[in-house]
Each structure stands twice: as structure tokens, then as C-alpha cells.
């Protein structure tokens, strides 16, 4: 069993065996979206107009919920030290944990998004673009979020602090994610936005693990 | 240069600070006086906006300082992480609140300028929105810097954040501009502000110089305060002598 | 500058202009004052500690 | 020249100098017993030996190569036991040990389970194990995958006498096979001909 897959397998198993991560993320995602019609009113074309944005903002907040515990549980039980002392680069360890986090939260969000699109009365032919945009965007959220999760290790009130640190950095993903959906809704081609989302994902893939490893290493010093 | 013994004799820095301090104060006050005189009295009102354009002489320099301070914060953080010099940690910690103050000022004066020009207190103009995001980056830095019991830990964590934030500033700016053009109703007065008439240039530069000198002036005060706080912590630790392993 | 009142009126935008300059001055003075107070407090505490040792 | 050496090491922990000018040397099959009061830096030294952070001054070398120069090879040759027991409540004893062994490219999980008397507990999830049992699961991973250097921070805490005996045998086997060990311990674990290193000797230099 290759060490990278061993970490991914363990973290995914932990996420599903304790059952909280995925269910909690999806439950929050649904509740957050349901609040908007209650707040804004059930008027169909108003909901359709803001649908893409609401689903994206809710997905962004939901993917951030489980981020705080990305390193926290290992930090508390001493496992993070052993992971840092594993005979492999810390960046690869971080990448494995981020992949597990994405499988447990990002992926389910993208899969569940169409259902919430219905709630927001967005036209069904937009759903493929919505799911594609989320599939391209959520990895970036996990990668940048991992940096924040590493930085708050050992800090007081880590959860709230994590939101303040990473949400400003999530704005580019939100802007291009929503623009892809809105372009599709207006019958225009969402290719430009999706390409930029993909570019951001690759950039985050290159820089995220490296910065998150630096954050974890200084937390373990 | 280890963190501990550097606190014992930061003499070299204190000598430099004492030498620079009066110059910074002098330049700040004279440049501000000249800038205010030119800005408020000697320069013409704008043909479109009339007198309200004078707000520009505070708004634009404040926005410049907001970005300048964040760059200074990122540079100090990089030096602190790479060369591990304690002075860089202190400089970064001292810069953040001043930068946040300038960012807040840029937003406030922007809103006060926007009211007469666009009729509302807040317009989702691309630049104002980017400055708002910059304010959150500052608040994130300050919160993380103070979230640890051990100041050295807070300094290191926030230094990493400052660098990550600095890399993201252009990306956020690009995405906000794109978002702005996406939702920009064509009719709104181009938010580029008035064409800069050369007689307006002088007060603008003078105020910018005044703000920079003010920044150096307050920065030196804050760093000296941090040094004293460091010495107190070091003395208290030596006195107790049984800190955690 | 004959009519001082005209000057303060700032062509009707007086409130905005003076508020901008006023708040800017206030905040910059506040930040400076807070920094000086912190410096004085720390240096006094340091002096006391040195005196005691 | 010894296998694993440290030269005039200075450690700063939370803005306090914990020790300065510290030297140590460890040979294959050797044992180094760290002694000193709480806060004298035993844990800090073990963490520096593992490479979890760099000494403020001085260098730690393995075969004359600074361990900071190639972290991954140094990680591959050591086992570290810290304060935390690293046992996940949702995973069974066997799964916990198997995970850490997979990280090192595989090893003898069953042998490790029996070496620490965990056979009957193999399938029990972590949340049902006592502190002593969790500590044994944490120690069992040492026996599962071979490593040249063991760094143990008070390994005998929360262990009953039978488990302490098993730990002592495991350490003896490790040293017989040419492995070396550095550990801190508050008695109860006597290591034959271990070289003592009293950290308080290096504390004055730090003041």
C-alpha cells in the first residue's frame, strides 16, 4: 500500500466512519440554501436570478466547515508529528489529506448542487455547468483552506479565525464559479470562466501544499 | 541573530530610530501643511464635481498607503521567515494596525466622496471592493498574530499568512475587476474619477509624502514599544525560570 | 478669501469634505496617541522592573 | 566518530533559552538516557533529534551529515514516540498500527501486536481502549517496522509492569540488532549500560 494512498484511505475512512464530515457539510449546504427563499421570498424569477450565486456561496461556506479539523485532530493526538516524520515530503502528506477532505466534502457538494438548483428554480440545462464549476472550484477551496487550517493550529478560537483568514482568498473562486453559471443561464458559453477556474485549481495545486506544509511545520516547531 | 539575545541589546536599531524620528515627524507635518493649503485653498474645484473633489487629496493617498503598508508587511514577513531576524517580526507586527487604519480611511473617505458623486454611501466599484478585501486581509493578519500565547508562534504563523495573502492580492484584484465589468451597468459615471489637472497633482503628492512620513514616524514608535514589551517578557521569564519544557 | 462662509460651504459639499478631513485627522491622531501611550506604558513597566532587579 | 552526534546545541522554547552548549554521542547498539527536572528540555532535545524544528545553534549529525540537510532520509531511519498516543478512536488497534506501518512501506503488524500482548485487542476500536492499552498500540508500531534510531519521550508512562517488561525486551532486541535509542524516563524502566545525559548541566550555560 503506497503511503500516499494509505493517508487518503485512512482519512476518508475516518470521515465516513465517524459520519459527521460529509453529512454535516451536506446538511449545512441544504439549510444555507433553503434560508434564501425564506429570506428573499419564493418569487420564482427572483430566485432563478440569484440561484447560481446562492448555491455557490452556500457551497463555499459548507466546504469550509470541515476544514478546521483537517489537521486539528492529528495535532491534538500527536499524529501530526508522526506524519511530519513520515519518510515522505510533508507537501505530499498535506496533498493526501486535502484529497481526502475534498472526497469527503467537495465532491458531495458538487454532486448535491443540482438538487439545490431545483430549490432555487435555476433552469435544469444549467446544472451540468454548475456541477462542472463546483468540481473545478472545490479543490481550490480545499487547497487554500488547508493553508488556513495549518496556520490556526494551537491558536485560540481557531474555527472563527479560519473563516476570517481563508474567505478573502476564496473570492476569486466564487467570482468565476458564479460567472460560469450565469453565463450558461444566459445561453452564453461558460468556457472562459471554467478555464480560469481550472487555472486557479492548478495554481492552488502547485502552491497550496507547499504553503500548508510550511504552516504545519512552523506549528510543530 | 537569535531572538533572545537580540532583545538584550537592540542598541543599533534604537540609535537609528532616535536619529530618524525627528526627520519623519518634521517631513510629515510640513508636507501635510503644504498639501492641505494647496489642496483646500490654492487648487481649483473640479468642473464636474465642484469642491467635493478635494476629498481626493485624502482618499487617494490613503488608498496608496493601504497597499504600500501591505507590501511592507509582506516584505517584513518574508525577511522574518527567511533570515529569522526578530526586528522583521516586530516591524511586521507594528505595520499591520497602521496599514489597517489607512485602509479603513480609504474606504471611509471613498464612501464620503461617493455620496455626492454617485448619490449612495457605498458603490460596489471594483477598487473600493478590492480595498474592502484588503481590510479583511489586514484583520486576518492582526487576529492570527495575536491568537497565540507565545508571541514568536503568532509572528511566524502570521508571517506565512502575509505572504500567502500577498500572492493572492493581484488575483483577487483581477477577479473583482472581472466581476465589476460583468455587472457594470454601462450608464454609471465612469468611476475613474476626475482627470487629474496638473495643479491638483502637487497637493496629491504632498499628502502622499505626508502619509508616508507619518507611517515611518508611528512605525518607529510602535517598534520601540514592541522592543520594550520583548524585554519585559524576557526579564519576567528569567525571573520565573521554570517555564514549561 | 473674502466670504469665509462661502469657503466653509465648499460649494454645498462642505459636510462631506470637512467630514473626510476631520475623520482622517482624528484617526491618524488616535493611532499615533495609542502607539505613544503603549510605548510609555511599556517603558515605565520596564524601568520599574529594572529598578527592582 | 560516533554514529549520531550533537555539537554545542542551543534550544529556545517560547522565547526562553532551555539549554546551551549541549553535546551528545550515540553509537550503534547504544542507549542515551536523558535526565533532568521538568522543563530542563528533555522533550525539546528529543524533538530536535527527530528533526521537528532546528536548534537555535549547533548541529545534529548522522554519519557526519547534518540531519537537516536531508529530512526524508533521517525520517526514514527513526521512530519517534511523543506524549500523544496517536490512536484514532474510530480505528481498531490493528488498523492504527497498520496505518503507521504502511507509511513506512509495510511491516510485520501481527508480530508487533503479539510483541506488546495486543493479540486479543487487535479488532477493538481505539475508543474502547484504556490509556495503557492505547500507549501499547502506539509503541507496537516500533516493533512493526524496523528503524535504526528510536527516540522515546517517557515511553513507560501509563504502562503496567507486564507492559514495561515487554517494552524493555523490545528495546533490548532493537539494540541487539544494532539499533540505538535515546529516551527520557522517570524510573521504572532500567536500561542496561545506558549513558546518562543530565540536561541540567547545560541549563546554567543558558541563563
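Letters are used for the chains, namely A, B, C and D, taken in the order the chains are written, and counting of residues starts over at 1 for each.
Convention: a residue touches a chain if its C-beta (ideal position, glycine included) is under 8 Å from a C-beta of that chain, and two chains touch if they have at least 3 such contacts.
Just so it is clear, the structure is predicted and the values come from calculations on it, not from any experiment.
Centre-to-centre separation between subunit A and subunit C, using Cα means, comes to 43 Å. A separation of 31 Å divides the Cα centre of subunit A from that of subunit B. The centroid of the Cα atoms in subunit C and the matching centroid in subunit D are 57 Å apart.
Centroid to centroid, with C-alpha atoms defining each point, subunit B and subunit D lie 47 Å apart. Multi-chain contact residues of subunit A (touching two or more other chains): 221. Subunit B has residues 153 in contact with two or more other chains. Taken chain by chain, the contacts fit none of the simple shapes, being neither an open path, a ring, a star, nor a full set of pairwise contacts. Across the whole structure, chains are in contact as follows: A-B, A-D, B-C, B-D. Every residue of subunit A that touches subunit D in the complex is listed here, in rising order: 1, 3, 6-7, 10, 13-14, 17-18, 73, 76-79, 81-89, 220-221. Within the complex formed with subunit B, the subunit D residues making contact are 10, 12-18, 38-44, 56-57, 207. Listing the residues of subunit C that touch subunit B in their complex gives 1, 10-14, 16-17, 19-21, 23-24, 27-28, 31-32, 35-36, 38-39, 42-43, 45-46, 49-50, 53.
Across the complex, subunit A is touched by residues 133, 136-137, 139-140, 143-144, 147-149, 153, 156-158, 160-161, 163-165, 167-168, 171-172, 174-176, 178-179, 182 of subunit B. Across the complex, subunit B is touched by residues 147, 151-152, 154-158, 161, 164-165, 167-169, 171-172, 175-176, 179, 182, 200, 207, 211, 214-215, 218-219, 221 of subunit A.
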